[in-house]
């Protein structure tokens, strides 16, 4: 009934060969398979190549500021719990500029799917290191090579108490699509860190580099936190893909008494309803 | 030769009985035992009760903005590697407002000692929850009780690659002092998270609460990362104290070629020294 | 009748002042209280000023009739202000007055409190003493205690209160005669932050995200306490950047949202403000000003952020700036802020300050029927399809739909320059159209700005300009000037931007001499006035030590120059 | 001689334009290039304008003699600008011109590139073709290739260049005659960001912390490349808040430090700016403006952040604001920014924009002996002990010592209001003293501001005001006006705050008509002028579509009104 093509729109402005294309396609397919009505899906994004996604997928969107995709997404969930909220973001966006929101949103646990296109580089601003760039990677700004060890987003999310943590590769589109679906329906904050080749600026972590390293983490128990942590810390010659952890805990929304019932945005209101509030000052 | 009293100055503005007094005393003793010349110690702080420390300890100080203690400390280390740099901060300061600097400073690994007075509450602003407040704690703003699980600073620092991670309790002053000394001489970023009763606003985590729970983590191998992680995650009935991890890795400063030799701030300079730089544009 | 109550932080001056004030309000008096407190939790020196008149006063006085000195420091700091016929309530077991000072009313506050159940109730004893000194019965206060505390505590406090009342009565019976009561009908007693919190609640604000910062925290905690009962969500964000962006997300998705902070937190919101401007998302930001720069004086007052809020945020976009002048007005004006934000789809900044936030007064209850709560959303009946969030229109206002509101119609907001659909564009033509579309809204907005209030002579020779929380003080200054037969008037601005300039353009050139009084060091409003109208005020009266003006100093400054 | 080179992002227009320009500079011509590019990495449409004259031009022209069209879109978008006698260099295997258009010079760019070693060198082929069309030998360009690339690559590129040269030569020999060369002596060719980077380096900047943001990234990467050789540290911060605070820490501890960003990043630095103001810490912030609000047009130009940088930061504190007008001046002016920051212990904002940043010109080499690098630190000889960081002095300047500089003397900086020692205070008296101490520095600072440059008639009837990067364009407009016998002059501001107002106060009232040209939608400078002087300009000429003015449109606007 729902078709992936119906979720695609506009020409993209990405480089030919960019890993983002497959992510976009997987997302459109995931949305189609879940048959989510476009107007009731809200995609929040920051700024970057990844963050252009709201312009290329036909859903409602709030394309905000660099690093600030998660807070509006949280606010939107409060305003209207009937919206499916997706955050589309880059590694710089989510783990650099937006690092504080990342850790605290994990704690808060609103129901949203956070898709990070992790190309280990700043794409849109032409190739500076991101928090996930490999040690030694040389760039126009890191002229002597990166000297700070890369941030491990999955381990970080786990430590902060994330209920859903997964790693995908844009070159494994089916797996990506299925993982996206799982993240979308997961009740709570769900992180999918997607390895995404940037063919223009990341000459280290290329398609080939990833291809020879990634493997599906099979037979893994997704409710075993320690095992998830250890999978998330595997990197180098062998990089596991999969849902590492999936154990719901109470969401932000479910703990807010005001959100019981109809979405806030849809409730009628009159100032007279609250006139009694001034009685305490008498 | 060096006396703790020489490092103390001014009247404090803390509440009688506050855990900060013991921290101040331990710090003065640690500085005295290391006999660090006050003018060559730079204490950077943010804003909060803990962050008032530069006014009460006689060393050089940069009492900056709420949440922003770590970045100036890093900048100061770059400017002058002959300074001993201490960051004195609260749990809100370091893990809330300053969360992004926290995770990225750990990655960067400048040589500085980060002392966090973790009273699990916002003291100076009168009792709101901090990122480390316990679930369910009621405050003037968290009127229904805290609903986001507390952030674990030690585990977070470990995941981000911290070389030195310790937990202390202000009620164990000797241990605190020794740990501070170890942090001060540790070559790289060193986190000491100090459990500190706020007698005015935190009625949950009182002296008695901590006293009955804390115990020294004895016989622990401080180069065992997994063991450190597991100690850092112990909380509740039993709260281990101690240096959980201490393994140096290359510091930020040591990887910056420009910093070899005399501190930057002390090097003479003339514009003529760099006149040749314009030749590339000829 | 003026009362100073002072002691160390933690001594509970606030409680005394509040209970006492409320008891007096219940008795039918007009009461005003202000707070002067340090940025610490215990110790130091804090005090409250309490002024009681027949009609609720608009400012506190420079002198006092009664001094409640909970410690010796209070006595030393404030004895000069106490009138010769004044009285000092103090605990003789704590300190003693100089032999020469015969104004003392020694009441063993601590001992009596202990007897009643605990020394923590020393301040309740003091309330009893003050009531007695004023010649008032304790009944109203006792009722308040019963409303405020659990039965046990209430009973102990009542004992303490009565003990204080009795002890003081022995010392001087009725030392003072109270002013007549002329306050009409039931009244409410609340401070500025409570009024703003109540206004937000009553304006349908459903989401507040904020980060604690004096002096705005009172709004935050007021609304937090209403969540369950009134169906709103209050979230403490990890920082102010998250606070403003969360609020924007909530607003975009369909609820009235706001954030509150002080100048330093607002600085962190400047980028988000610009985002609100670009995405045309309604947003209300309450900025409670305190003296800067940087951390400054966290618990004091200043009007130092006017320029900052006028120009904060990169790029050019319209905004409205309103201010809190006094309790009677601010409640409706914050409602107006919500209305303008929704109607014009833009950020509205509401400027308050510590003085306004912490000053409490007795006023007639608010009229909730005067509040507006229209959402100005696109309706199904007139929706042009396909829906375009930034449709170009004559007045620059694009019909606003919410995500999820209309089947098949997606809603896209964009921080990049965009076309009508909300899609990124880079061409010069669309850019030009969108800039003017956004700015065009200023025209209609300007027409909504209230002209300043003229108080005093309708054709003034002496024209005093002011804005924001100085209203009551400046008004008092005008009263003094008029009492000495000056043709003086106050022109007081409450809506600040777009600057309503019709009246000032008419009156200022006709005045013989003009003054602009501001709680800052550079005369920011005077500068704005000149930028917008070319008019120059003759004299600036500036105070920037963190304390409110005293109407006497305004009068003196004026008279020095006429 | 004007050349347009256009294609998709990633086609390498920048490389062509740069190599070609530099080759021409080496030949002795005066060259200017500007860039127009989209916020994407591949695809879309980007172009460079290259103008070649005897003397280095100050602005690009509206028409072109040569169009290098790397794709058909370029031809379609720019053919109107090409003069009838112009020429189009294009690849006939990629697209063909309409039959009616006889301006084509088809060169098989790709095929020739492939033959030389790889199709990536198509743009090198194009350079060769253009040189030939201009009647120039390839020698200078070949030398440049050898300097730029590794031997192998250089050799392949040389082959490509020669092939292009040869192919074009067959088509028209010398199609154009070059202007005479009159440029004196050796010259340098660089863009605005490089000039600012070089100036920072030469001013002794030892620490740059920044976060990448167009259009300031060029400064960032320029300085990053100099770290090892010149002993400075460049750090990419996690965000702009960290960037500004790191720089402050470094400055406090003793090195000259700076950060660079654009409006959106600057928004995040507003709080840190206020901290610099309160702590009296020297700091230079380069703000490369681009069109806002929010993300806006990331790769375009605007002068939309003047008001924002003037008033950013909560509270009141002095700052200086300087601007980049043109390459010859900006180098020394950024040095002045560093000097003022150290001398007056305050933040200095240096306003650049995308147009300035990305415009490259050939100019005489800089004179490094003109640069100041005094640190204005306290010396051991005159140190008053005990050292107090905020000692009250007549001019408001407290001797500045560094932590660790003097044995036993600790140095304490504080963001709270403080006493001379740097300790927190809350009393009114000290507050008052410190506010005026801080603001007092403005007096001496104001005397350091350069009056605007007057270009044109010394007693103008037509007065055009401008500031920042529009200098070259406005100057050209004045030249045009004077050529048609108008008594016109440009008064161009480079130091913006404190506003140097002597000249404008003299000239503006004497002019028959005045204009203020700004790349923004609200006339921010005109507003500042009125606020500071009461003077009103008659007409604002505003452009806000992200593109630079064209001198012709300025002339037209002026003539429309005189």
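Think of it as A, B, C and D in the order they're written, each chain with its own count starting at 1.
Heads up, the rule we're going with is that a contact is a pair of C-beta atoms (placed from the backbone, for glycine too) under 8 Å apart; a residue touches a chain by one contact, two chains touch by 3 or more.
Bear in mind that the values here come from a model prediction, so they are computed numbers and not experimental data.
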Greatest separation from subunit B - chain, by CA centre: D
Between the pairs A-D and A-C, the one where more C-beta pairs touch: A-C
Whole-Å gap separating subunit B and subunit C, where each centre is the average of the chain's CA atoms: 37
Between subunit C and subunit A, distance of the C-alpha-averaged centres to the nearest whole Å: 41
Centroid spacing, where centroids are CA-atom means, of subunit C and subunit D in whole angstrom: 44
Numbers and ranges of subunit D residues touching at least 2 other chains: 38-39, 44, 227-228, 238-239, 241, 264, 271, 275, 279, 294-295, 415-416, 424
Residues of subunit A touching at least two other chains: 13, 47, 64-65, 96, 99-100, 103-104, 131, 144, 256-257
Complex contacts: residues of subunit C adjacent to subunit B: 10, 38-44, 211-214, 217, 220-221, 224-225, 227-228, 234, 236, 238-239, 264, 294-295
Touch list for subunit B against partner subunit C, complex: 13-16, 47, 49, 64-67, 96-97, 99, 122-126, 128-129, 131, 140-144, 200-201
Residues of subunit D touching subunit B in the complex: 186-190, 194, 198, 201-204, 206-207, 209, 226-228, 230-233, 235, 237-239, 241-243, 245-255, 257, 271-272, 275, 279, 335, 365-366, 368-369, 371, 373, 402-416, 422-424
Sites on subunit B touched by subunit A in the complex: 96, 99-100, 103-104, 107-109, 131, 144, 147-149, 151-152, 155-156, 159-161, 249-250, 252, 255-257
Contact footprint of subunit C on subunit A as seen in their complex: 10, 13, 37-40, 42, 44, 47, 52, 54-55, 58-65, 68, 70-80, 82-83, 100-101, 103-104, 256-259, 263-267, 269-275, 277-278, 281-282
